[in-house]
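First chain A sits with chain B, and in the next complex the same chain sits with chain C.
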Partner chain A sequence: MPSRLRPFVGPLLILVLWEIAGRFGLVASGALPAPSAILARLAVDWSDYPGHIFATLFGAGLGFLIGNGIAIAAGVLFALYPVTSRVARGLNVALFALPPIAISPILVLTFSDPVPRVVLAAIGCYFVTMTATLVGLTQADARSVDVVRAYGGGRFKVLALVQARIALPVILSGLRIAAPNAVLGSILAEFGGGGRWGLGVYLLGSLGRGEPDRLWGIGLVATLIAGLAYLAFVVLARAVTGSSQAVTVPTSVLRSTDRPRPAWQQGLIVLASIALPLALWWALLAVLKVPAMLAKTPPALYDYLFGLPGSPATQAKLVAALAQTLPMTLLGMVAGLAIAFVLALGTQLTPRLIRALLPVALVTQTMPLVALTPLLVLLVGRGPAVILWVTISVTFFPAFVTMAQGLLLVPRAALELPRAYGATVWQQLRLVSVPASLPYLFAATRLTAPRALLGVMIAEWLATGTGLGNLLNQSRGYLDYGMIWAVAVLSVLVSVAFYQAVVLVERRVLGRLGMAVAE
Partner chain B sequence: MSSGKPLSLNRRHLLGLMAAGATLPLSTRFAQAATPFTFQASWINDAEFAGYFAAIDKGYYAAEGLELTYLSGGPDVIPESSLIAGKADLTLTTPDTTIKAIVEQQAPFKIIGTQYQKNPIGIVSLASNPIRTPQDLVGKTLAVPPVNVISVEAMLKISGVDRAAVNIVPYAYDPTPLIKGEIDASLDFTTNVPFTIQQAGAEATSFLLYDFGFTIFNDTVVVTTDTLAAKRKEIVSFLRASKKGWEENLQDPAAYPPSFAETWFKGTGRSIENEIYFNTAQKPLIEAEGGIFSMSEAAIAANIEALAAVGIAATRDMFDTTVFEEI
Partner chain C sequence: MGDPAGISLRRVSKSFEARGKLTEALREVNLACAPGSFTALIGPSGCGKSTILRLALGLETASGGEIAVAGKPPAEATGGGITGVAFQDAALLPWRSVEANVALPLDVLGRDRKPYRDKIAELIELVGLAGYEHALPAELSGGMRQRVAIARALVTRPEVLFLDEPFGALDQILRRQMNIELQRIWMESRATTLLVTHGIDEAVFLADRVVVMASRPGRITRVIDIDLPRPRRPELFNDPAFHRLEAEIAGALDGH
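Coming up: the complex of A and B.
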């Protein structure tokens, strides 16, 4: 077989197996449609699509422009004045970690369509691009900076003449990841936004029809759009920089290059960084003049949780839900990471198998979970298993990509030493590859923590009727606005806490091993 | 922009005006400047709102001097929220949530009419594994949207069925698990799902919660007390035009849905046959002796009694029948 055809063998084989499983109704008593049935359905429904695709692209596009505009401005600000990045740390982590499912109802309460979809799309872009901008701007060659300074150039001259040029390819590679994020953010908001058009709206209208082939068709179109958005920026980056540059998904808030400060200033900065998200939340509601019954400010929420006669009952509900959600989140995270780790090790042992599996894994990433969950329910029922599977499906892919990259970057020379001594592949992995890629394992964990919570909440909401996901859904129906805000804020806090815990462990472990944090 | 609502509505509005022009005397057509009025629907565009679509297309609102903006709903849209946020003047709700909000949060709502005299929500199962009464649910798995769990619990209590004997799981409005036998029954609009099940090659059986003691309205017409004071005339006009639209639409339930195929129902992913089925099935639930949207004293009393069974303390003054009387 010609070697250039070889990469297609695996995906083709999977497609054939899928077709057979679909044709003969082998999976979930026929709820998994065959690829040919999905395509046939897509052809029949095609006249419905243009309006929905246009609306989704509009929301995603506007969110992309706004989110990236803010992200690049923030990146520049953080690079010019490192102290600002420390003050904004709380906000940055919150924006990275917030589960979209929890804030979508809040956005719908507070704004009118299409604002929620634009905001979720923008949030999907912000962190990636902000980090890329900051990385790009801070990796300028010191010698070039010295030249500009020697000729009397100030901070802004350095920025314009040196840093911006070096940063451009990095920013472009950030935009590459931001583009599909914007599409998925828009679809998620549409699903709950009550608009008339958009792929999310279409999915919703089709959900009640009991036609899995159409749900998969919509999912595939969404996947295709996200993929094309990614490709567009790959092409653009090539045209602009003349080369492609591999950049992983950024998973950490860069450690600031701020100068050392006295303890009281340090304390003030930490306080400001915690206060900033709260202040913004409060200010936004005040500016928008959202009625107090719908929109809870921080003090109103505090009052709802601690000051009202019903507060003890509210707390009990939240604690009970949290007690169901937290263990599943931890378990799902560990399971997702474990599978990703095994697969990443697998790339070292049998690269071809992995290449065959990758396309399937990619589809599960962009396939709207609301379409995938009913299928999983039919496969594994409504117990904790379904939560675990949904969570694994959202966590393992980004973790896998990050870890595989880590294993790939292990220096050849380090591997050749044990090999020269006759070590087996397993010994090489154990002695060299795994310890050497530890920073990437942590990076993957940081990335996984908020996604695990998202996966658990979606499964709870759609399948099991337990935990925070169910509480959120139920409080919407009961017009319990305080509870909607409480669940949203609580899930963001849990996400941030998970993230911070990983960061702390990471710094300690890597610090002891004398390794650097992988971004 | 993304929804294209105001734009297409104006176009439709214009068409409606032209259609109305054929039947109306010239003088009333542009006699008064149209007053803007916003209506928040409770779900995505389907036959549940066919009467309003008919009234818009026929120009009934325009003839009443209203410039109507129609906002579609969806699962994350809480219709009452649109009233509080000032996004809409009038909306359709489930009476249990509205009254709960009045009681617990002092929400300033008034129920001024009802689209469904009988709540279309019921227990749907397969004819091959039929569940015909609440008693049949014992030992079965029932999928219920989390929002409706209290309604089901009320129905079980009224029917003397032990709540613990029924396995209630969340329902995401996807009938596939029911068709595949993963669950035994689901709670949904009986006007809609049986059709989907037929399409999938099975046969459905269903009963209304209403027929087993949970005697409440649905799609109750709700406004805030402020709006009622400030825009009473427009609200009366809206009800009058909507009533006319519903009467027109229900004369022949198969007549209107096809005409919405390229406008209101465009791109919803639902078939016109489905909407006709829905429209036909909802006719007996909407029509009332006192006229569409009317609330009889007996029906209001039945609502109050049923809601009391779920611990929601409804009172007569939450229902305002005087607006309907002005039509």
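Coming up: the complex of A and C.
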């Protein structure tokens, strides 16, 4: 077989099996239609698509521009003045961890189209691109930075002459991930209701009618759009990185020039970092002059939760929903991470595994969660199992990719040293591979936790009718603004708390092992 | 204080804090390099010899004491374009051609490149890279990259030159060649030079004076004058006088 064709064999095989399974209704009694049936349906429905695609893409595109513009500016600011990044930490984590679906109803009830789309798309881009910019700018080779500083160059000279060029490919890879996020954000905004156009609206409308072939069609189109956006930046990044690969292996990392601060200053920074998101929430409502009935300020929300006659009932509802959502999220995450960990270690033994799994991983990563969830509902039904599947699929692939690629960075010599002393494969795994993969395991946990919560909430909203997702959907129906805000804030807090917990454990464990945190 | 283009350190101390522990990198170091002199700093790893150079370049701030480069505080001297520097790693920017890498200090100092066109061409010729002006660092060998770094260090016509193990990553044969070239370049420019090195032979061959350091805490233990006539030729490496000086330095490094 010509080696050029070899990469196509796997996907082709999957397609053939899929066709057979679909034709004969082998999976979940016909919930998986054959590719040919999906294509046929796509052709029939084609006249519906342009309007929906345009609405989603317009919001995603505008949000992409705005969100990334802000993100790059913020990344530059944080790199130039590290203290600002510590003050903005609370805001950054909140923006990263907030499940877009949680604030979708608030946005839709407060603003008119396309603002909610643009806002959620922008939020989806912000953290990824901001982090990429910051990492790109600060990872500049310390030796190159020294040369500029040795001629009296200040931080702006270093930025212009060294860091900017080194950061460019990293920023591009950030934009690559931000692009599908923008599409997802735009679709999620449509969950808030009210609109006529958009792939999300189309999806919600078709979900009720139980037409698997149309649902799959919409899911595939959404995936294709996100995938094309991803691909565009892959091509761009390749053109840029050609000439800027490092010539030598860096021997030192950029030392932080931040001098240790007295305790009261440290405390002040932490306090400011917590106060900033709250202040911004308040200020936005005041500036936009949102009516008090619609918009809950922090004290108004506190009043709703603790000061009203109905408050105990409200609290009970929230606690009950949380008790349904949390265990499933955790269980799914642990399962997803565990499978990813084992398979990533497996790539150390058989490197071909990573080549086989990587394309699948890329597809699922670019596939918008909203498109994936209804398909999983079709396949496994509306029971709690669907939640588990959503969380596993959401955590598994990013975790696998992070860990497998991290393990590829382990120096050959470190792997071969135990072998040279006659170590078995298992000893080698225990002594080198497992410890070496720890930073990536933590990074994966940290990065996938908010996505897992989002996946669970989408599944609860669309399918199971349980937990926080369902409570949000119900409150939206009853126009219970207090509850909408309460669920939104609670889910953000849960997400942030989880993220923060992982960060604390990560720092302690890696600190003890003398390892650096992986981004 | 200090001479017009010399280097002077007075009672300079430096300590680092890492993982809650205070490490004393330098304790009360006194060093004066006369204008036009060539001084080599030699000592075991971690004795603070590179720290002295980084302090003089303003890359670190001293915990105590006074430093002057050409009679000025380090930041003023480096920002004024009086100094040149080459590190152990060439630290070339991979996206810049040889020519553009040599011109980097000019960009940092905000100087117009045009008046330096001939100087840049001359330097590239001097380090034996004529014809490679437009090559990217990835297309050069390790020795060639290091020569670009030397040319870069000289582009501002520095009065004070700092070299931090510039040939540390090269093999012994290439290193000897580069030492001979460096002496030639230095004799033409007569810049006050401070060389940090691990190589005893390199120090003796190049320097007027070898400063021997010890670690924990980093301090100067001996200063040995090298009164061999210049220009020094490659045959010198086999001269008994050369070997005597090498032995003396080796002894000083062992604490005799």
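Keep this in mind: the second predicted complex is superposed on the first by the 431 of 519 C-alpha atoms of A that agree within 3 Å, B and C clash if a C-alpha of one lies under 4 Å from a C-alpha of the other, contacts with A are read in each partner's own complex, and residues count from 1 in each chain.
As a working rule, a contact is a pair of C-beta atoms (placed from the backbone, for glycine too) under 8 Å apart; a residue touches a chain by one contact, two chains touch by 3 or more.
Note that the structure is a prediction, hence the values are computed from the model and not measured.
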Which holds for A:104: it touches chain B only (first), chain C only (second), both, or neither?
first
By the touch definition at the top of the document, which applies to A:411: first (chain B), second (chain C), both, or neither?
neither
Classify the contacts of A:262 with the two partner chains as first (chain B alone), second (chain C alone), both, or neither.
neither
Have a look and say if chain B or chain C is in touch with more residues of chain A.
B
Using the touch definition from the top, say if A:149 reaches chain B (first), chain C (second), both or neither.
second
Contacts for A:422 in the overlay, against chain B (first) and chain C (second): which applies, first, second, both or neither?
neither
So in the superposed three-chain picture, is A:309 touching just chain B, just chain C, both, or none of them (first/second/both/neither)?
neither
Thinking of the overlay built on chain A, is A:161 touched by chain B (first), by chain C (second), by both, or by neither?
second
Considering only the touch criterion stated at the top, classify A:290 as touching first (chain B), second (chain C), both, or neither.
first
Where on chain C is chain A touching in the complex?
17, 57-59, 75, 78-81, 83, 85, 87, 89-95, 104-105, 107-109, 136-138, 145, 152, 156, 162
Using the touch definition from the top, list the residues of chain A that touch chain C in their complex.
141, 143-144, 146-153, 157, 161-162, 165, 243-248, 251, 260
Note which residues of chain A are touching chain B in the complex, please.
28-31, 45, 48, 51-52, 55, 58-59, 104-105, 108-110, 112-114, 117, 191-198, 201-202, 204-210, 212, 214, 290-291, 293-294, 370, 373-374, 377-378, 381-382, 461-465, 470, 473-474, 476-479, 481
Interface with chain A, chain B side, in the complex: residues 1-5, 44-45, 71-78, 80-81, 84-87, 97-98, 100-101, 105, 107, 145-149, 168-170, 172-177, 179-182, 188, 192-193, 196-197, 199-200, 266-270, 274
